[in-house]
Each structure stands twice: as structure tokens, then as C-alpha cells.
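Both of the next two complexes hold chain A, though its partner changes from chain B to chain C.
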Partner chain A sequence: MRQIWIMAGVTVREASRRKILWAALVGSAVLLLVFAVSLRLQVVEFQSRPLSPFLRYQVESGMLIVGLYTCDLVAVVLTILASMDTLAGEIGSGTIHAVATKPLARWQLFLGKFAGFGGMIVVYVAASFWATVAVAHAVAGVVPEHLLAGMLLIVFECLVALAVTFLGGTFLTTVATGVMALGLQGLAFMGGWLEQVSGFSQAQHIVTVGIVTSLLMPGESLWRRAAYEMQTPLAASLSFSPFANVSIPSLVALGYAAAYLLIVLAVGLRHFNRRDL
Partner chain B sequence: MTPPGELAIETRDLRKVFGGVVAVRGLSLQVPRGEIFGFLGPNGAGKSTSIKMLLGLVTPTAGEAFVLGAPSGDVAVRRRIGFLPEDFRFYDWLSATELLRLHGRLSGMAAAALRRRVPEVLELVGLGAEAGRRLRGFSKGMLQRVGLAQALVHEPEVVFLDEPTSGLDPMGRRMVRDVLRAERDRGATVFLNSHFLSEIEVTCDRVAFIRDGQVVATRDLGDGAAAERLRVVVRARNLAPDALAGLTRWTTDARREDERLTFTVRSEDVLPDVLRHLVASGADVRHFAPERVSLEEQFVQIMGGEPGAAA
Partner chain C sequence: MAAVAVIAFVPPARGLWLRFFDSLRIARPQRASVNVPSFTGPGANRQLEHIVGTMVAETATVTLDEPDQPAAGAAAAARLAGFAPRLPAGRRDAPKLTVVGAHEVTMTVSFSQLSTILAEAGVGSRGLPRSLDGAPVAIRTPRAVRAEYGSCPRPETPTLQSQLQGRPSPPPDFGDCVVLTEGPPTAVQAPPALDLRELVGIALELAGMSPAQSREFRGTLDWRALFGLSVPRFIRSYRTVDVGGAPGALLGTAFRRGPTWELVWTGGGMVYALVGYGSSSDALPLARSIGAGGAR
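And then the complex of A and B:
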């Protein structure tokens, strides 16, 4: 266990020293500022015309979901970009040789790095998520439903992306790992949005495409479940909103995502254990 | 033969094939504890792959490898092993002290031992003044020094050094030689892969020549220059066939061209006997000149005299 914590600590220190953490925080602060200004402009706009408080709340809650969706997207992309070099890069450059010959098993090295990134993801998502919620509450007085569930689902989605990136890192080069992980994420993103479009067209085969992409990469379905949890009941029931859920990812889908995460990690670990360095 | 318990390193028919390409072809060697062992061979001979197999970085296709009696790659035994990779690269966002602390902690050192040992080993490699500086600003030679320090920080019983002096100036090379001797005096075994044959010559107790993934020759260098091979050039008249045949007791490569006879012997101790034999067989010896055969010449001879083989 000691070795895992040492590697996790090194990973966090690397992210800090190489300014990955700080760049992420500064970028997120800028996004938060844009979100706060936009929401404030919306509030001012609504104040200038007669609108029922209920409808106003629905729109402003919708804007909050957009803000949280931005948090989610940025967190997933950052997860992939920050971690795609950690195994692939160190294997490619030979940096890993001096560490992998120390008295720690390869699974400890692998899980130590995973724990380091996982810990940073939890902190980053929590910080950006709660900051967005706090801004929305302060500016417009809106609060999403099922806050904790929503945040945990976003963390879950990032951990799935992290596991996929780690798996890629045991097989591929740094760039190929990033392309593979982002490509899979893009595929899931496209499938998810095609499903939303099918809400208008009532095309069942598009829903099938969405399900298949969710099986290949379940990250986007986790976001859709998070959005379903956090939206107001009215927004969740509307099939024409951007975050409407034509087919709400079920608990079985969440279970599949958990199994997917564990299997991807296990395959990555197994390959990392066996491969030549 | 050294009893198995006294061996620091042992391989038996070690073999590695990468996608149909044979990198190491049946490597068998034994390195007793407390020895500085040189591992020589041309580029692509399989030296680095062999070291990686001994350290568990690469899985052998066949054969066995043991370090300190444990199968190669054994996690527990790695606590007693140090390694300087050929292209030493590490987290350049760490300072020299932080790097050594990290490696010491990974090797199981306690905080008190680290506080004592880290400054000590940095001084040893001449980086005492650079302890707090980040590796990003280090030259290649300084990285090599800090790499050597991380290999030694936990006072290992076996140290694998892959080209430890390639980026060092003459002072740095001398420092490495002194460190290696100090390690041997401490009782450690050093497995040294280097292209600097002159350094191997003055540092190592024994060397193995590897070609095409096999050990093709070994040499004892224990007593330094005195243990090296000697080439003897003789000029003599009346060299009878019996005189040449009798030389097989001391040499296998005697060659005659008219009155000139050349051969090599393993030790200068045999020279009086050789000379007595030639005279007794009726040869009129006019010139008898032994000269040292350097390790580099031996290397070129053993490797087939390929251009650049001794680079």
C-alpha cells in the first residue's frame, strides 16, 4: 500500500509542478466567469419583462445545466489530456525503467498513478461543480436537483475516461492513446446527441445507435443520467430540450459502466504486468 | 565453479525473441558476489536486453535468470538492487534531493536513513552543491551523476550500470571508477556495461564478450594489466616443426612467416618456459618481444574485426 501512495503522491506532485493543475484551475475560473456573466445577463433580461417566476426558474435552471455540462466536458477532456502521457510517455522515453526496477510491483505502479489522477479528478470535479452551483445560486437563486448524485456521476464518467486512457497507455504511444481516448469519447458524445435528435424524429434505429455507442464507451450515458438527476422535473420530462432524455440510462446502464470501468482497468493492468518495458 | 549461494547473478540459456528477431540467443553467465563484471559487445549484441531481463523489465522467451538467488524480476529482491539505465531519464521537475528521496522511499528506506544518506551520496557523485536544483536544468553529465546516485542511495548489494560514463568528462569518469571500486570494497557486485574499454580494463575483475546474444569469450582482468594477454613476436632461425607443435602447451594461435613467429599467451609467467622450449628445440632466437594485447584489440579480434565494433 505504501508504494501505491508514494506513486500517487508523485503523480499529484508532477501535475502540480508541471502546472497541469494550475492551468486547469485557471481555465475553469475563466469558464466560470463567462458562465456567471451570461447568467447575470439572463437574469437582468428577465427582470425587464413580465415572465412567471416558474418559467424563469426553468430557464435559469437550464442554463445551470449548460454550465454543469461544460464542467463535465472540460473535466473529461482534461482527464484524458493530463493522463495520456503518464504510462505511454514514460514507457516510450524509458523514464519508467528507473522506477519499475524498484521494489514495487507493476500493479502498484499502475494503481498508484491511477489513484493519483483519480484523486485529482475528484478534487477538480468537486471544485468546478460546486463553484458553478454556487455561482448559479448567488446570481439567479437556482439550485439543481440531486446535487451529490450529479457530481458523483460526473466523477464516475471521468474515471471511466481515465481507465480507458490508462489502458491505451499500456498499448499505444502518447499521441495514439490521446486520439483513441478522445475518439471513443467523441463517439459516445455523437451517439448521445443522435439519441436526443431522435426525440424529434421518433427514429428507433437512432436510439439503437446511441445504445451501441454507450456500450463501446459508457461515459456519455453517465452524463445523461447526471443531467436527468439534476434537471427540474419539468425539464426532465420535456423531450425537446437539449438535455432531454429520450431513453434515460437505467441503473443497469450504471452497473454496466461500473463493470466496464473495472474490466478496462483489469485488462490494462494485465497488459502492463506482462509487457516488456 | 563458485557455489550457487555465492553468485550475485546467474543466467542459464537466456533467450529473447522480439517478433521473430532474436535479441539474446542462449546467454549463460555467472557473476560471483563482490566482483566488478564487465559486459562487452558491439551495438545490437543484446547487452541492454540482457540487463533488462535480469531486472525483470523484459520477460525472457526461454531460459532462467537469477539475481541474488531469486528469479529475475522478484519484487522483494529489488530492494537490494540498484540500476542506472543507459539513457537516464527521470522526472525533471524534481530536484536532485527529491529524486533521491523518492528512490530511497521506493526502496524502503526510512526517513532518518534518507536524511543521512541523500546528502552523502550527492557529495559522492560531486553534486553536493546542486542538491536543491531541479533536474530540468542539469547537463547530461550531471544527470548521469544523479542517476548513479539514485542507483546507490539505498546501498544495494548488486548494481547494474548501463553506460555510466557516456556523458561524463574525464574527471567524472575518474569519479565513477573510484565509486565502483568503493562499491566493490563495500562488498557490492557491479555489473557494468560500457563502451569505454580502457575503463573496463582498469576497473573490472572479469569481462564477458557478447555477440549475437551469446557470450563468446570471458577474460579475467583481476590483476589489471598483469593479467592481460600478451602477444609475443619471435625472430629465429632453424625453427623446426616440433618447436611449433610444442607451443600448443601455451598458445593456440602460433603463426609462422619465414623467420618470424607470432603467438599470444595468457600470462607473462609462461614466457621463460616458452623461450626455453624454443631454444631447446634448436631455434636460434634473435628477437623475443612480448607486448601487451589491449582489451580493445581483444574486443576487435573476438568480434571479428568489424569496423567500429570497438566503438
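And then the complex of A and C:
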């Protein structure tokens, strides 16, 4: 176990040396600024209309969910971009020979790197998530429902993307790993939105296509569950938000995503243990 | 491939797969928004009863959903609706009559959702007893009669082509279109602890009224009479009026493709909603002519 934590620490230091986390935080700060300005403009616009404060709250809550969706998307993409090089790159360049030496077993190396990136993801998601919520509260006075559940689901989504990227890294080159992981994420993104949009028109076949894509890559369905948890009940039911309650992933879908994460990690670990470095 | 073949061709495996597949999404029972009569045309909101139902419960079940039926004349409409419709003497042209079917929805109160919404609305939920959780609520809207005068817009079916190309020709003039809907008020069975008047107020604000307009609207008309209404989405003006001795509310709308005004009042145990596409100055004389003409 100690070796795993040592490897996790090395991974964090390496990421810090390459300024990955800092670049991500600076990028997020810019996004946050844009979000704060837009929300403020919306608040000012509402002040000039005889609109019920209750209705304003629903619309501004909807804007907050859009802001959190941006956090989610950026976190997933950063997860993939930051980690796609860690196995594939080191195998390709031969650096892995210097790291994967006794007494460090390969599984410890694999899980240590996963834990290191996982830890950084938790820090990044927590920072960007709470910063977005704090800005929304300060500017418009809105707070999402079930904050912790929402944040944990976003972290969960990033861990799924991380596991897929690690699996790709044991088979493919760096670029191919990134293309595969982003491609799968794109598939999930498209499936999730098709499902959401088609739900309004009751097009059951397209909903089915959306569910199938969530089986191939469950990331986007985790976000939609997070949005379901965080929206105000009325914003969800009365379609004040693009994430209205149309087709909501169930607890079974969350269980499937957990099983998916474990299986992908296990397959990646097994292949990494057996392959010629 | 083998797994796909087993799922496709082995019935027990296929059944298990379908059950698993269905379980991946939260089952959403049918909401109370099917074929409900709308008192206004384009630009109309959901009915207030639907908005209130959404606040009270997470899901609703439609237990009665009668189809609308055309009626050849006032006598036929009276037979179908169970009451004699009162039509405006101020219009000489023959109306197109439809008996709007009755419908009923049942739901169970979700305490957590209701208390969250009340808190969001600034009403507070401290007086709300927890025993409300799971309490049944039934909303029954009786049959109503809709009388359509003049050239009125038909409901548009949104197709991909129509959305890409827009409207094929300039919109026709619906200036002479007037639609009167009348019927008994909606019956609501709910626990006494559930303050439906307050919820109707929140629903009116959600529908686009300001808090002051919502208060005045509820002060003018009995909230029970408002349940079956759908107020316009874009309210430009609001004033209380007298319709033959009965208080009413005249709403001016700002929706470019919808009706320009809506007049709502109650009288003789009935709820009336008169909607027009022309000048709102026609509203009151026409409404008052309903009393003058009596049942026709």
C-alpha cells in the first residue's frame, strides 16, 4: 500500500512540475470570470422587469447549472488530456523502465498513478465546483440542491474517464489513447443530448440510442444524474433549464457506471501487468 | 458478438436484458398535461392546475381523460356538457362549438419537494405538517364548452420542414377571432393543511405575473375558479373589471402570434374565459352581451 501512495505522490509532483494543475486552474478562473459577468448581466436585466423573485430564482438557478456543466466538461477533458501521456508516453519513450523496477510491482505503479491523478481530479473538481457555486451565490443568491451529491457525481464521471484513459494507455500510443478517450466521451455527450432532446418529443427509439451510448461510456449519464440532483424541483419539472427531467439515469445506472469503472481498471491493470514494456 | 446473439435470440436472456435496460432510467409516470383544455391559444402557459400539481407532487396519474367532441349547435353542446352554454349576443355569426372533455389527475404530496418550493418562493414551510407527505390530491376538471367565432388559428404541428423554413406565408388576420370557454370550476380534493390558495399564487407568478398582479388576481376571482385557467405567457397589462355585476380580470398580452387579450370572470357557478385577437376594447361589451343574450 505504501508503494502506491509513494507512486501517487510522484505522479502529483510530476503533474505539478509540468504545471498541469496550475494551467487548469488559470483556465477555470477565466471561465469563472465569464460566468460571473454573464450572471451579473442577467441579474441586472431582471431588475428592470416586474418579474417575480421566485421566477428569477428559477432562471438564475438554471444558469448556475449551465455553469456547473461547464465545470464538468472542462474537468473531464482535462482528466483525459492530463493523463493520456502517463502510461502510453512513458512506455513509448522507455521512461517506464526507470520507474517500473523492483521493489515496485507493476500493479502498484498502475494504481499509484491512478490514485495520484484521482487525487488531483478531486482537488480540481472541488475547487472549480465550489468556486462556481460561491460566485453564483454572491452574484445572484442562488444555491443548487444536493451540493455534495452533485460534486461527487462529477468526480465519479472524471474517474470513469480516467480509467478509460489508463486502459487505452496500456494498449495504445499517447495520441491514440487521447483520441480514443475523447471519442468515447464525445459519443456519450452526443448520446446524452440526443436522449435529452428526444425525450421532449417522446421519440423512444432515440432515447434507446442514448441509453445504449451510456452503456458504452457512462460519463454523460453521471452528469445528467448530477444535474437532476442539483436542480430546483420546479426548474427541472417546468423545463426552466436544458437539463429538465426528461430521461433521468437511475440508481441502477449509477451502479452500472461503478461496475464499468472497476472492470475497465481491472482490464487495464491486467494488460499492463502482462504486456512487454 | 456471442453475447449479442444470446440477448437477441434467447427469450429469457432477452427478457432479462430488457428489464435491465428499462431499469437504467427513472420511470416517469404520465404527467397531467395530456389533452387538457386550454383557455387560450398560442402563447398560453400550462394550466395553473398543472403548475400546482408539479409543485405538490413529483409525478401525477391521469385517471380520466375524455376527448373533446364537436357539437352541431347549442342544444347538442348542452346535452354533451350537462349544462346550457351561454353565448354572446354581441356576435351574430355562428360559433364553432366544442365540448371539452372532463379530466382528472391524482397525485400524492411530496413533503420534501413542496417544502423546498415554498422556501424558494419565500413563503416558508414552517407551518407545513410532515403528515402531508404521501397525502392524496385529486384535481377534477368538469366538461366545458368552447365557442369559437371568426377566423381563428389552427393548432400548428411542428415539423422539421416548417421549423427550418418558417411560416410559409404571412400570418393571416385573426382580428375577428374570439374564443369563449365556459364551464363549472375545477373540483379539488386535498388535505386541509395544504394551502392551495398560496400555491395558486406561486403558480401565477411562475406563469409570468408579478407578485402584485398575482395577489390582485386572487383577490378578484375565487382561486378555485382559477385552477382550470392558463394565463397568457406574456402579460402586458392587467386590470380588474366589472362584467355584468361580477368581478373579472382583463389581461393584455404581448405575444405577437397569440391572442391580444383575455377576460376571465365567474358568475352563476360557472367560470368564463373570453379570448380575443383584436382590440381589447371589444372584450367587455362582448362579455356583457352574454348576460344580455342569456342561454342560446
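Following the convention adopted for this analysis, the second predicted complex is superposed on the first by the 272 of 277 C-alpha atoms of A that agree within 3 Å, B and C clash if a C-alpha of one lies under 4 Å from a C-alpha of the other, contacts with A are read in each partner's own complex, and residues count from 1 in each chain.
The rule we apply is simple: a residue touches a chain if its C-beta (ideal position, glycine included) is under 8 Å from a C-beta of that chain, and two chains touch if they have at least 3 such contacts.
Bear in mind the structure is a predicted one, so any value in this text is a computation, not a measurement.
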{"item": "Chain A as common anchor, with chain B and chain C clashing or fitting", "value": "fit"}
{"item": "Touched partner set for A:57, first chain B, second chain C, both or neither", "value": "second"}
{"item": "Partner chain in contact with A:274 - chain B first, chain C second, else both or neither", "value": "first"}
{"item": "Touched partner set for A:97, first chain B, second chain C, both or neither", "value": "first"}
{"item": "First, second, both or neither for A:6, with chain B first and chain C second", "value": "first"}
{"item": "Chain B or chain C, by number of chain A residues touched", "value": "C"}
{"item": "Partner chain in contact with A:17 - chain B first, chain C second, else both or neither", "value": "first"}
{"item": "Touching partner for A:249 - first (chain B), second (chain C), both, neither", "value": "second"}
{"item": "Shortest CA-CA distance in Å separating chain B from chain C in the superposed model", "value": "26"}
{"item": "Chain A - residues contacting chain B, complex", "value": "3, 6, 10, 13-14, 17-18, 93-95, 97-105, 274, 276-277"}
{"item": "Complex contacts: residues of chain A adjacent to chain C", "value": "50-55, 57-58, 145, 207-208, 211, 214-215, 221, 232-234, 237-238, 245, 247-250, 252-253, 256"}
{"item": "Chain C residues touching chain A - in the complex, by the definition given at the top", "value": "20-21, 23-26, 28, 46, 51, 54-55, 58, 113, 116-117, 120-122, 202, 205-206, 208-212, 214"}
{"item": "Residue numbers on chain B that touch chain A, as the complex places them", "value": "18, 52, 55-59, 75-79, 81, 83-85, 87-91, 93-94, 102-103, 105-108, 147, 150"}
